[in-house]
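In the two complexes that follow, subunit A is the common piece, with subunit B as its partner first and subunit C second.
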Partner chain A sequence: MFEREIRRRAKELLEAKAVDLVIGYTSGSLPFQARPILVSSPEDTEQLVWNHFCSPNLARYLLPYRESSKKIALLAKGCDTRAVVILLREEQFPRERIHIIGLPCSGIISKRKLEEKLGEIKEEDFSWEENSFLCQGKKWEIDSFLEDTCARCRYPNPPLWDDLIGEKREPRESSVDYLEKISSQAEEERWQFFTQELSRCIRCYACRNACPLCYCKECFAESDVPRWISGVPTLSDNLFFHLGRSMHLAGRCVECGACERACPEEIKIGLLPLKVEEIIKNNFSFEAGLSLEEEAPLLTYKENDPGEFIK
Partner chain B sequence: MKNDWEPKIVAFLCHWCSYAGADLAGISRIQYPPNIRVIRVPCSGAVNPLYILKALREGADGVLVSGCHPGDCHYLSGNYFARRKFFVLHELLQWLGIEKDRVQFSWVSASEGQKFSQVVEETVEKVKKLGPAQKLVKEFTFYV
Partner chain C sequence: MGEGLIAKDKWWEWIEDKKDRIFLTERAKKRYGEWFPPEVKMVKNGKEVLLPPGEEMYRYLWTGEEWKVEEREFSYEPSFLFLLPCEARAIIEVTDKVFLHPPVDKNYWLRRKSLSLGILACLQPEPTCFCSLVGGGPFWRDEEALFLVPRKEDIYIEGRGEPFSFSEEGGEKIKQEIQTLQKEVEKGLPSPLPSYFPQELYHHFEDEEWNALSWRCINCGACTFLCPTCYCFDLSIEGRLKGFQLRSWDSCMFPKFTLHASFHNPRPTGKERVRQRVMHKFSYFPEREGNFACVGCGVCVEKCPVNWDIREALERMVEKIDRLRT
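Take a look at the complex of A and B:
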């Protein structure tokens, strides 16, 4: 799927010295995995891959280059590009330093869901198409194997790009929204669900570290003065951390699901920031990372904003 | 024991309006329940959502945030930003199942001593109805 074109374009850019570095994906050390790779010489572009398992949000890997003057090309799916847009909007990079190779994305497949439905899986049994795959002599649609955030994705196409490889896609019509499912529960049930889930959190901060937009030099979770929370992963600390993180991502979360995929306890940790985005979308008609001009929703206001909750 | 329970409420009052409003309530000898602990802040816009969560975590049963009326902010627009921020926090807490009524917001100007006492009365009443806070309160651990 467009792998050859991606390699060719990356090689061109590096040979022409238009960029110093290409950030992309390469095969992981285990099957059904892809990991990020930084390519700086034209020969190494052969290692680049593009498939249904390219899950890390590569915008995260731009952040160490904030202080350098390197020009960087980045393979970016819809959500990665939205994260880049926010980084540009927040003046973390000048636009000239980032070359976006946009990739319309059909969704990331969850290895866990494959194993649940198909039992033991081997890489050689699969042959992949864009929206389906062949396995055990049967054709499967990828829809029911997608990661939860990909199943509800509304922006498979990059909103901004310098090169676009592949064809633009329509968002999935039969989208399953796991946020809606949780929202339809009774309040008390939801509280039970979250306390159960969050009491499993070990606060390894993998979610924060995988997030392309959690780039504070000192995170409130680890600050000593003031000391917001203790290092002990008790339920109240965990709730505080995840509520605080969601508030920090308010109007910035690009719904990529990198936090959930990073979670070693498989907690659906993306639900909180996703809910915040929904609140912002419904009340301030704003969606993160779609435009370089629009003001962030919490950095602006309107005189007729909802205010009935204030006495 | 339970009947004696009185809620502890942390009140973040903006220096320019609500704090002066509370002061006016004081010098006008207007009575209001003694359950609030006042923290003076420069502006309601300076109240970080984490302050509210932290107060609940450290054992407050309720939080009141009060600032200038829209359009009257000493810093021109601080309270407008605050309104958006608190709206999001309020909705999020509600969705998560943490009682929304524990966190109250109000606009009280420097001349509204009477309103300030009303706001405090209402807040105390609502929090009393909910009972002691339990959901975000930090657990007792042997660790520091």
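Take a look at the complex of A and C:
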């Protein structure tokens, strides 16, 4: 799936010294897993892969290079690119130091869902297409195996790119929006659901650290002065952390779901920031990371703001 | 040492009577869930029982004239913890050594002395497992703990002071069967790291390889918090004139772990922090205690959000060390 094209372009860029390094995906050490790779020599571009398991949001890997002068090519799905747009808007990076190799994305597949539906699985039994795969002598549509956060994706195409590899896709007409899960719940039921989920949180901060937009030098969760929460993962401190994180991301979250996929406890942690984005969209007709000209609604003051929420 | 067989439908009745509470680890449940009733108390690993994520150490109070310090009183119900060999090793060969070698940690000791271990043989090492690389094995056992191996109809049990015995003729044959099974399971598992590894690794502290090994890691605490041997903690004072000292989990992956009051941080980047995790487990701890502070359970490999695989780091360092030795 366009892997050859990606390698060729990455090689070209490195050979021409148009970039110093390429951040992309390579095969993981475990089946059904791809992981980030830094490529700085043309011959290593052969290690780049592009498949349904390229889960981490690579925009996150730009952050350590903020202070350097390196020019970086980034393989970026729709959501990764939206995160890059936010980083550019927030002046974390100059545009000229990033070369976006945009990849229209058909969604990340959940290994857990594969195992649930197909039993014990081996990588060699699969043959992959963009929207389907062959396994156990049968053709399967990928839709029902997608990560919950990907099944509802409305922006599979990068909104900004220097190269676009692959064909632009129409957003999936998703049958059930993942957010339905909480939107349809009665208040009490929803409280129960979230307290149950968040009581399992061990506060390892994998969600925060996987997020390309959680880049505060000191996270409020770890601040000593003032000290907002303790180091112990109690339910109230967990709620405080996740609600705080969601509010910090309000109007900035690009709905990539990297936080949820990073969670080692498989907590449905993406629901909180996703819900906040839905509220932002309904109130401000705004979605984050779609254009370099956009004005972030929560960072913008207007005199004629009706301000109904404080009346 | 007693050894013998017990029928699968009799064993629970037998074990239930022995202790007030019975714990089972999540990983052991995946293989042996059917042996236990649904109400058995599930834990992630031994750390959840012995080193909770947060605990009060003592209370203090300023009376206006002096500080009054009150030690916590505890008692624990005698309990059994059923777990896999690697998870048992994490307790016996790592956390016990840390918290029970003088000065003894009172909280740990009180919990530990009321906890008996039941080791369930591991018949299906997973793709993430590497116990044999770090000196353990799927049939690793300890004479202080029960050891159980499933057979078709019944369970083979070994344990000190247990009143088992085989019938005269069958005993040797069954023990041989267990040994054959062990050999079968161990077949193809990686051989142990070389004995010179801890010492040699230390000499590679400044190796540039650490850059290549560390950049992928996002420095979250998933690996350390879920690791059955990672025991590092933070101490904090909760309350000014009246309060308690809190011990909570901490992780060498977090920048704040080594942040000085002066704001100097001796481990400023991911490189120093990843190196610390590997060095502590594979050099400092074994130099002091004689075994690795890693039991090869593979949980960190399985749970890592970016597939940072400690086996690859070890492999790379072994290669480097061996290249220099020859």
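Rule of thumb we're sticking to: the second predicted complex is superposed on the first by the 300 of 311 C-alpha atoms of A that agree within 3 Å, B and C clash if a C-alpha of one lies under 4 Å from a C-alpha of the other, contacts with A are read in each partner's own complex, and residues count from 1 in each chain.
Heads up, the rule we're going with is that contacts are C-beta pairs under 8 Å (C-beta built on N, C-alpha and C of every residue); 3 or more make two chains touch, one makes a residue touch a chain.
This structure is a prediction, so every number in the text was calculated from the model and none was measured.
Residue contacts after overlaying the shared chain place A:84 against neither subunit B nor subunit C. In the superposition on chain A, contact is made by A:30 with subunit C only, not with subunit B. Using the contact criterion defined above for the overlaid structures, shared-chain residue A:264 touches subunit C, although it does not reach subunit B. When both complexes are overlaid on chain A, the residue A:244 reaches subunit B alone and has no touch with subunit C.
When subunit B and subunit C are set side by side, the one touching more residues of subunit A is B. After overlaying the two complexes on the shared chain, residue contacts for A:306 are found with subunit B alone; subunit C is out of touch. When both complexes are overlaid on chain A, the residue A:297 reaches subunit B alone and has no touch with subunit C.
In the superposition on chain A, contact of A:232 is made with both subunit B and subunit C. Counting contacts as defined above, subunit A residues 230-232, 234 meet subunit B in one complex and subunit C in the other.
Looking at the complex, you find that subunit A touches subunit B at residues 183, 187-188, 190-191, 194, 220, 228-232, 234-237, 239-240, 243-244, 246-247, 250, 272, 275-276, 279-280, 283-284, 297-299, 301-303, 305-307, 309-311. The residues of subunit B lying in touch with subunit A in their complex are 49-50, 53-54, 57, 70-71, 77, 80-81, 83-98, 104-107, 119, 122, 135-139, 141, 143-144. Against subunit A, in their complex, subunit C makes its touches with residues 53-54, 127-128, 215-216, 218-222, 224-226, 234, 236, 238, 246, 248-251, 254, 256, 270, 301-307, 309, 311-312.
Contact residues on subunit A toward subunit C in their complex (touch as defined above): 28-31, 33, 35-38, 56, 60, 64, 202-206, 208-210, 222, 230-234, 261-264.
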